[in-house]
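Each of the next two complexes has subunit A plus one more chain, namely subunit B in the first and subunit C in the second.
Entry: the complex of A and B
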């Protein structure tokens, strides 16, 4: 072993040193520590930490209905995002793929809500939904539907849907941009060849567009699910999880358990369970997408 | 023939009508916030005009000074600048090593970093908070900056490594023969060539840091350290009724994002779509 070679080797490691120092400290260590904390009853302050085994997990499964309700709420928002939001995104992508005038302007405008922060979007929508001065109520009164007016985000009947609408408004432009890029990556020659062969619009869609778009659509779906299940900013700045627990989502519950109740260990266990749920969902999606590609 | 043309025109009319309606729904809330920021507390709930007759521009002065949005703005600017520079520097170094240099465990380390991008780990913020407490970094600028630099690394390394892999090596090889050390080759040759990829990386991180709320909410409680998103929530909590000033604060928050977006929207859209369609 000569000195030159060792120096050479060490020099190469210097390039990755800052990145890995940060990565080990702020990613890997917290990840593993989270699993450890999830089997303790740590309160976040005291220096004594007692191992409680799977106690936290048992309690979450048997005695934490609110957490599972929060999972369901996030599921409802996710379902709406998957269907309504992605349908809108797909429709707009198809329309803008037809070489229409001003296509680029539409694209710039539709991607505007996604670049705004959840807080900004939520604070503006708070005013739209306000019970006393809200624009929505004002509009309903104007068109003679004043009976419907209410405080949209504090009425248990509408709160979850109101929040979902904000989330979808912020998100559809993102799906639109990716789906449009997918459509535009399909070679135009394929369409022309099909037309020369006399294929109808439906046949072209079924045999060219759909098969080539399925991977893109699945990717958008996975990212929609992962993003929506972990929704926080919009909820925090509009309803804070209320009224009651009607708009609680997993992250607001974990956050409340940690900051509000100082149950750090318990909150970690919730995080672990939620992470596993997300992992299962994305693995199922990937499996399904592989199956569909084979068909 | 005439009928065909009529039909096509009608379809095109309805398509544009639909697209314009969706566009208006995107633009209206923003314009509404802007118009409201120019009204007074007395008129804001009754005067629903979209172009206020007597615009009260002084609201911006009050928002900037009395409501502390000036302070939050400078904080946001500081955090964004430091995090973006950090992400670009550290991830380009690592990406260069992963693409060009030889060292033990290279593939494994790369895989570990990239896998954190794919596997969702919600709730690790609790352990992160515990760590920051131990390091006495809660409620400090450094405590807010370092985790965010780390947060940008995975995407940065992935993006830049892919870019370096596609670059021809000849230029670097000849520089090395001329006696340039590794670090000089990286700094003077590889890094300038990577400018397009760095631009994409920079834009993504600028937007991410500027819009970040969760971490600032978790660890910053000193008003003097807060970025804009956090400042907006604090102001809303304390002065729920001062709508024009809140809306002015929102406009102050959105304006830089809007500028960056409109100037660089081609890069942004290229960036998201390239990553998504390829991956």
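Entry: the complex of A and C
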């Protein structure tokens, strides 16, 4: 290898070194350290750490029903977000894709909830859901459905759905923006040609819009799943995981274990399991998306 | 060397204090200025609120050895012990015994407040005996009731209920007048824990409660089932305001201050909060109603906020000097009047407001969980508190919750063995 080649080789690595150092310090090191901590009983303060092997994992898999319940709760919210939230986002994106009056204003309005802080959104909805003086109960009473009024976030029948609605309200704007961008990237000529051929709206959607939007749908669904499974701030500020365990999600459990019980090692083990679950979901999604592209 | 101040070159003698008490920030800043004027040493107070965020910051700083000169440790006693065993806290026992003038520093402070920061010989955490923190103020957690709403319901505003039966009867009268009854931030499960432990002490006495924590008495014991039944009655008699089960205490305080509930379970810090929210609120303090006459009703109380000195700080001598100054009569009187909190200094009690004095009067009945000889395991406490939440929403029976808590207890005991 001559000097010039060594120089080129080293030069390339020197250029990526700052990025690698940052990535190593703030991503790789904490990630691998979490694996290490997950096999310890560290309390988050002491300088001494005792290795406990796979004890934490064993306990989570065999005797931590609440953690798996929290996973199920996150799954329910994710399912609702994937279906209801994204359907709403797609519908609004369709409407705004047309040349309607004041289209930009609608875009700004729909994009407003995602830029608000989760805590602020939760506080606003706390006021809406309040069992005694809430806006929702007031509205229901006004339209003669006062019998339905309740403390929405404290009632075990409605608590999970109530927080899911808040999450969907806050999140649909992301999907809306991405789906709208996808719709606008479809060449208009395709639609014009289809219309000339006499295609109905449904046929146009089925044969032009949907196939061309598949990559966008996949992107939106991946972001929705990963974002929703990691829901925390809204639940923390509305129900704190209650009543009972009805709105517990994995991150609230990890947080409770880490901060409330000072079981850092155990919380890291929960984090590892949760991370693996998310990884599997993402891999399945990528696989499915590849298959859909081939179809 | 205190890490947080490592980079400072200009003010290497500045004492840094981290705290979480947003309601006291203004008063602390004023006291810092006064200390600089009196002693010529700068003090910088840094506020990190709310308390959960503060706790995380303190723990993260301990992990990287960047704690400030003075800070407070929130959470349970085992966390406090971990900080001490890791070498982050100065044992102040000797300093407290030294005489400042005619009396020792220790003798100027309420014993109950000091005991919260004390580790006795042979303690369960293996910490060297000593006193590791200095209380700034004293807190009790009990009940308050709205006198105006009492009058509106035709009840005697000077005769709050003393027994559980009276409490239920008063609630029925309030309900018949359409007045919402009882609010508390039960969404913060430690509030449930506080009230439940008051009732438990009254139903079965301290000894039996501690025996349960030690694993000698099961949670399926009839006394514990009786305790859970009190919360069931709270649900069936419609005593709690709607939504209290997931309500944070700040919202509960707003609800009481806005006269949307006749009773609240809250700490003495609420006096300052209510004053800020509704200065005209006419209310009184009361001990939670007794379930039985077999044992005294004990309430949670003792040190409110406490500060510790960082053992790794080279400014620890000045930091201790500042804490001595902060707990002197004049500074304590200023803090008590500016923040409406019960002072930790015995000599300043005369200068507090009448409502605060009512809280202070009940100090004799106060116990602090940090002073218990034995502590419950965190997983059991969570199952206990969450179980009460599920009773309050009518999802589970007292017997079911008792059985579940006992199952968790046995599991956790097996782990510790």
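Everything below uses one rule, namely that the second predicted complex is superposed on the first by the 269 of 295 C-alpha atoms of A that agree within 3 Å, B and C clash if a C-alpha of one lies under 4 Å from a C-alpha of the other, contacts with A are read in each partner's own complex, and residues count from 1 in each chain.
Just so it is clear, contacts are C-beta pairs under 8 Å (C-beta built on N, C-alpha and C of every residue); 3 or more make two chains touch, one makes a residue touch a chain.
These figures come from a predicted structure and were not determined experimentally.
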item	value
Three-chain arrangement built on subunit A, subunit B and subunit C clash or fit	clash
Partner chain in contact with A:177 - subunit B first, subunit C second, else both or neither	first
First, second, both or neither for A:158, with subunit B first and subunit C second	neither
Touched subunit A residues, subunit B compared with subunit C	B
First, second, both or neither for A:44, with subunit B first and subunit C second	both
Partner chain(s) touched by A:16 [first = subunit B, second = subunit C, both, neither]	first
Partner chain in contact with A:219 - subunit B first, subunit C second, else both or neither	first
Contacts of A:150 with subunit B and subunit C, given as first, second, both or neither	second
Partner chain(s) touched by A:63 [first = subunit B, second = subunit C, both, neither]	second
Partner chain in contact with A:133 - subunit B first, subunit C second, else both or neither	both
Clash with subunit C (superposed arrangement) - responsible stretch of subunit B out of 112-120, 220-228 or 256-264	220-228
Those residues of subunit A which subunit B touches in one complex and subunit C touches in the other	44, 132-133, 259
Touching residues on subunit C, where the partner in the complex is subunit A	52, 55-56, 59, 62-63, 75-76, 78-79, 82-83, 85-87, 180, 187-189, 241-248, 251, 255, 260, 378-379, 382, 386-387, 389-390, 392-393, 395-396, 411, 415
Touching residues on subunit A, where the partner in the complex is subunit B	9, 11-13, 15-16, 18-20, 22-23, 25-31, 33-34, 37, 42, 44, 88, 92, 95-96, 98, 100-102, 106-113, 115-121, 123-125, 127-128, 132-133, 135, 138, 169, 173-174, 177-178, 180-182, 185, 216, 219-220, 226, 230, 232-233, 236-237, 250-251, 254, 258-259, 264, 267-268, 270-272, 274-275, 278-279, 282
In the complex, subunit B residues that touch subunit A	12, 15-16, 18-19, 22-23, 25-27, 29-30, 32-33, 36, 45, 48, 89-91, 93-94, 96-98, 101-104, 109, 112-113, 116, 119-131, 133, 146-147, 149-151, 153, 157, 182, 186, 207, 210-214, 217-218, 229, 232-233, 236, 243, 246, 250, 253-254, 257, 261-262, 265, 268-269, 272-273, 276-277, 279
Residues of subunit A defined as touching subunit C within the complex	43-47, 59, 63, 126, 129-133, 150-151, 153-156, 159, 238-240, 242-245, 256, 259-263
